[in-house]
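Down below is the structure, laid out as structure tokens.
Letters A, B, C, D, E and F mark the chains in the order given here, with residues in each chain numbered from 1 onward.
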């Protein structure tokens, strides 16, 4: 419980099944009990959800991270929003620490869906009146939401972590030119240089790194590989190998959303230059499965504080990702 | 291929992953090729769908039955609708043979979702301009859709099947008073009497049959147990046992949507008075798993004909469930 | 005036012309004055309504029962909602004790309107932000509303009334299998058995009762015929006659919405086994026109209490019709 | 039947109960049969409507004039629109020759409804995709509609009628300064001067004419009193009396919408200077009730031609009321 | 600062660049600081706006008068509304003292825009939840807004000004029959007669006055020419000249919205009978450019008081233009 | 006129005032006359637009590039869309070659507007049913539109131009890491390497280039600086200077949208290594003002062909920017 308490009578917090531990921490931070949610499947596999406490004329917070199985968790979230709305809640806040669909943010091919926009619309249809999330794959995804939306960042927390470490001969590396902006900002917070790998994606799991990358990183000893999300880690792995090939002997991958799917832990652990991974718990983490040190920045205090500031009419300033551009 | 062909240039048919065989039969009926749909999951488990043929300024039919895993199939359907809409289709028809959510049609408890309405709204948000489905759990669910919706029935097909059989001393049984209307209509088509069991639902899988039921069915020899949907079959099983206890020696369960989940086949097969089950293929059927005869009424011709009538500006009259009330 | 008072400064109550007595009772219950509404027709027959007190930034309750002349009362209600909304009310609650359109809840024929859905949409368009009503013809109609909606029930009140009477050899009768669920629940509250008549509707005013009904009710002495609504009473009359023919010597028709149109009173009064009718005042009642005893359960306390609970953020639990399924 | 025929397969015309004769004339003009509409009231007074021919993928025209009883006719129109939309019509045209609500076009007092806007929104909600009407009380009412709307005028027809008469010493009189613009345009078409009465409305049925009016009309012999609508005629009667007092010896009231409610005919007939009334049949007329000559300009050809031009992609130019400003 | 203070914590006021002086006066009246707004153009000429204080969960007032350059000011207003909405404001009030588009209120020709309706819709899209403005060109424009809208009037202030002057042999003149209603009401407040000029608009800058006008005004000595808006003043100038020609020797033009564009001041100043112009400051005024006396009625107290009444739940009665019909 | 002709009866093309030459070329390409548009300002500075040909039941194309003055051109576009929609057009296509607002695509600071999303919503409100544009500042902006939207690219045309030139020792340079993806794709089409400058934006007109950039470009002789848009050119100028400092002796800036505002031409012309600029005419170009060679790729054939493919139901494949990712 923090100094930032909300009115227990006014507020109700519920969690979907994706990440109850995080929901409980946010509830604890705000001094509000986490109410029960009962989810089950009918015998025809349709989901049924029941919210365990009255929401009538109250402010409702629904916490759901869109982790695997994503479709299940999305549908559960939509049902919870619909219940809160139709049961007369005054406001319905969707707290989505990891908005997985953000990666579907543009038409990479004809006749695909910009799913990040579609899901934003579905959330409105189901009843969300406000969305709070963290670091979107591209800052433009913010504009997909038609209700007020706050996009928090863990960048300041990451910078605080490294500001106390030895950063001599260190370079920040963006594994993709398309998202180098955020790495550049992180680098600036630590007064470090930044380089971006010109990765060519061969498939969802294979990438190639262009030749110019090598000459940029030569001479550095340590690399902080900074990304928004690591799933199977295929592109990060390629970049780390390239860094190792070019003489970097300490590499620390950092990411906000640590999905670590497939053989991610295994492949990253197989690179001897990587002693540690740094991430947050927007996705539930199981450190025991990680072969190297896994440093986890907890996000509950960030969400808790942002919600408290929101309900007490204060700017959520420094917690925000302004075009992923906010100063330290 | 039937006599009811649509213009190949004008129409595009796509299938989600729930029931491609049915989609292909509908496409064949209409003389239009079934185009390819590519669905896959990103490494963070988000679904990505790609429609394999141009839909620009065309009429698009998307076939998806909401069978298990329901959330996955719903999300895939929403993506497909969104793609068709945003790629400039002229009209987007959602063909949903089994609309599983229809069972969530009312507030049985506080703070649950009338999910059948929510999903109808999500379909509109995603881009459906017309919905075609079959026998909803309650006829009122029709009113949940805000786009034009057609609800087909297989009742006439079922009646045709039994009209050629021996119906002496036969009674039609509705396993639930709440949905007895449809059974009553089926009975009338065969000039048979009807009774409804006053089932008390103890849980999603357990029911009790009230005492008055027995004295109504005494004296009959054969019972046609008529329901819209059989999932685990728990209520049908109880009704069949009660029928057996009261001297009925031939019982044929009939249902439009044969979900047959859990131990349904096993439990129904364990009742010696049941020689046969009758259903349709709105849900994909695996007859080999059924211990007794499984008679399957194909629905592709019904959907095909209804679509053809629709596009040629004709009334779809007799195919329709008017409040599940249409005369024979 | 009850113990459940609302803030007079915060709340404004207005009544349409359909049922001012009920509106006044609800206002009295809540300790809030019933404000004046001025309705008149222009010389070209268009209606003009004027609300007699400022609604700016206030919570507004508008009470209108959709009784004859229904179109007039609907239009008046729409105007009142529009006035409240456009004059800056904070929230606009439509209190519709009798939602007559609920009977048009499905497509019984091609090219008719599911008017219960249409009118729900019109209420939203006109400005209703919340609807409160009582016992809908089918519980699914709840799902037609796109704003939060509460459906109250008088079943508990009816059960309380009969729990003090002699219920020996008594059976509860549903005059229609299609709506037998609600009767079954009422029966359970009094631990009585229930039977449903398989009525075949020949026209809006004529019905036939199927042969099996008789053998179910034989042996009982008293019947409580339980329905949601009695208009001309044609189907109830047929059922009562059938009951009488099968030896029942005391029959009490009970209904939530006592429309009693046409020759309803006359025809029910002509059956000697009927000593009494039981209903509520969602429809204004004129007991003097009823040839037998007319017991009226007042609904103002139910609506008053539900509203008070709503505004004080409490669950309206026991007052609610959950799928018309709430336990005693 | 005119030279302006529409495709019978493509188009369906239905009439509400307000003015079937006009609907039939429009249908005849366009060479399309007038399909049957079945309207009735349930025993609880709710309206039920059934359209008598398939509208699937067709263009539907629904003709309804908002004459007395206005609420009934409005509700019938809304149901008809809803049926056409939900039964899959391609486009739904509401043909409303007399849009009676146009008089409620502004806030004359606090907490009244701008009903002309509300009803325009209700028509959209119910499914109208296009509206066609004639001469609105104020040209601004056009802007209340959110679907494409055409406002026809009969002014050219009226001018044609009088262009063949003796117009010596004739003045055109607008009975109200607030709507004098339209009269001024009519006057210009006949090269006549125009004056407007500064009427002070005491109540819906009583008016006073200001003193300056008299000196303007002195010297003229004939007056054409030009208004959009005559209901009880109270204001026109006062103006005519004032004209008579000031020496005019022939007065002809002209109005597009001849409502003639209450004692209108009687009161106008009692003024000896009035030999004739001129109007259209947007409102059904009963000439036999009129004590003086009643000249009726038929509007079916105007609506028919405008519809034909619309469907054949032609400008409806001269039939239109451009700010009620179109030149002759 | 007035006695009508709003809660500083609850309310935020911002001004666009059109009329910061007025915004400051309204802020002062309400005792709330005027927050900073930063507007600039990107190098590609797109506008960027930044609101200088947190609006989270607050009531936001945005003051913008649609004066020249109108498109710039409209776009700035839309951006400001969008910012407030998407940054989580509880309510967003658009205070638009001069709604210039009100003149585009009807279709004067085919294929033009009823821009007053379009802009009202754009304001809703951008996030306005309430609009407050003053005297619209036609009272019907009120109905174009889909959010609650208040239309204030300065008529009472104008009447107060003249009630202390010599009004012998004075007539009120409406320069256009189409908008004579408002002048008639002003006249009544001062117990003066009113006449309307039948102006024929030859072009946007040229008008002709009809012959009957002269004989109405003869005998009067002073004329108060009352209009809602004066732009280039072409029609007012013609009316004043006609008045002068008919012997009026003192003419005072009065208008709510003093646009005075082009050579308006020059042309009005050239008429020797005009010693003074009377207007308000809904449009920023530069008296030094006016060759005659320019009397300016300040509107900040009217807007301030109306806002205060609104937030304190009081009727804004006498400040309102009811169909421009409110009594003194 | 091309081989790709549209039906003259079916299609109407109009141009706003921003770029009539381009509109005419598109019209010529499609073999459809460019209809007249009349735009003017009222004396109060409000814009009035009149479309010069009937659009009833037709497909309407409106061409407007959002160049300076942007607000004026945006408002003119909104009016044109509104006119087409409300005059009964069947479909309204907004052809916006340069969508200037695309730069406002994220929240770079609190309380600013994601204007690219707001304007997309305004276009829908005004009536656009389809949008066609070219190369958006970020590919995600595509997701801001709620109507079907096509984003064309000139990349293939640029590549064709350079494929015939000497590309030895040539590197493609992205002036900003945030938008390096598009440059990388262009590079790949020509089999060239790519580097991105880590530009730090000091203000809208000043930038700094980070130190690592230099060592990447050393050894190359020619640089193609590839950007989506050049306005004042401040960042391109800094990059070009840095390139010159690092030994590149031929630099060719290439951009889709050549805004060239402020002193852009002058500053670029002052760098001796720049012999030529390459751009398109989405923005009207004045080559005479450019001190070096200005090569202009015409876009009318691209828009013309895409429109023709769209109306003839063909995929617009290679013309499309798929996430700015399409292969050569």
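Operating definition for what follows: a contact is a pair of C-beta atoms (placed from the backbone, for glycine too) under 8 Å apart; a residue touches a chain by one contact, two chains touch by 3 or more.
Computed from a prediction, not measured in an experiment: that's the story for all the values here.
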Which neighbours does chain C have in common with chain F? A, B, D, E
Which chains make contact with chain A and with chain F at once? B, E
With centres defined as the mean of C-alpha atoms, identify the chain lying farthest from chain E. B
Which whole number of Å gives the spacing of the CA centres of chain D and chain E? 33
Which whole number of Å gives the spacing of the CA centres of chain E and chain F? 40
Can you compute the centre-to-centre distance for chain C and chain E, using the mean CA position of each chain? Integer Å is fine. 50
Sites on chain E at which at least two other chains make contact: 54, 86-87, 109-110, 114, 315
Which pairs of chains touch one another in this structure? A-B, A-C, A-E, A-F, B-C, B-D, B-F, C-D, C-E, D-E, D-F, E-F
Touching residues on chain D, where the partner in the complex is chain F: 130, 148-150, 309-311, 313-316
Would you pull the chain A residues touching chain C in the complex into a rising list? 9, 54, 56-58, 85-88
Contacts from chain D onto chain C in the complex sit at residues 40, 42-52, 54-55, 66-72, 74-75, 78-79, 82-83, 86-87, 100-101, 103-104, 109-115, 118, 121-122, 125-126, 204-205, 229, 231-232, 234, 257, 259, 261-262
Chain A partner, complex, touching residues on chain F are 105-110, 114, 116-117, 138-144, 151, 174, 177-178, 180-181, 184, 188, 193-196, 198, 200, 210-212, 215-216, 315, 317, 320-325
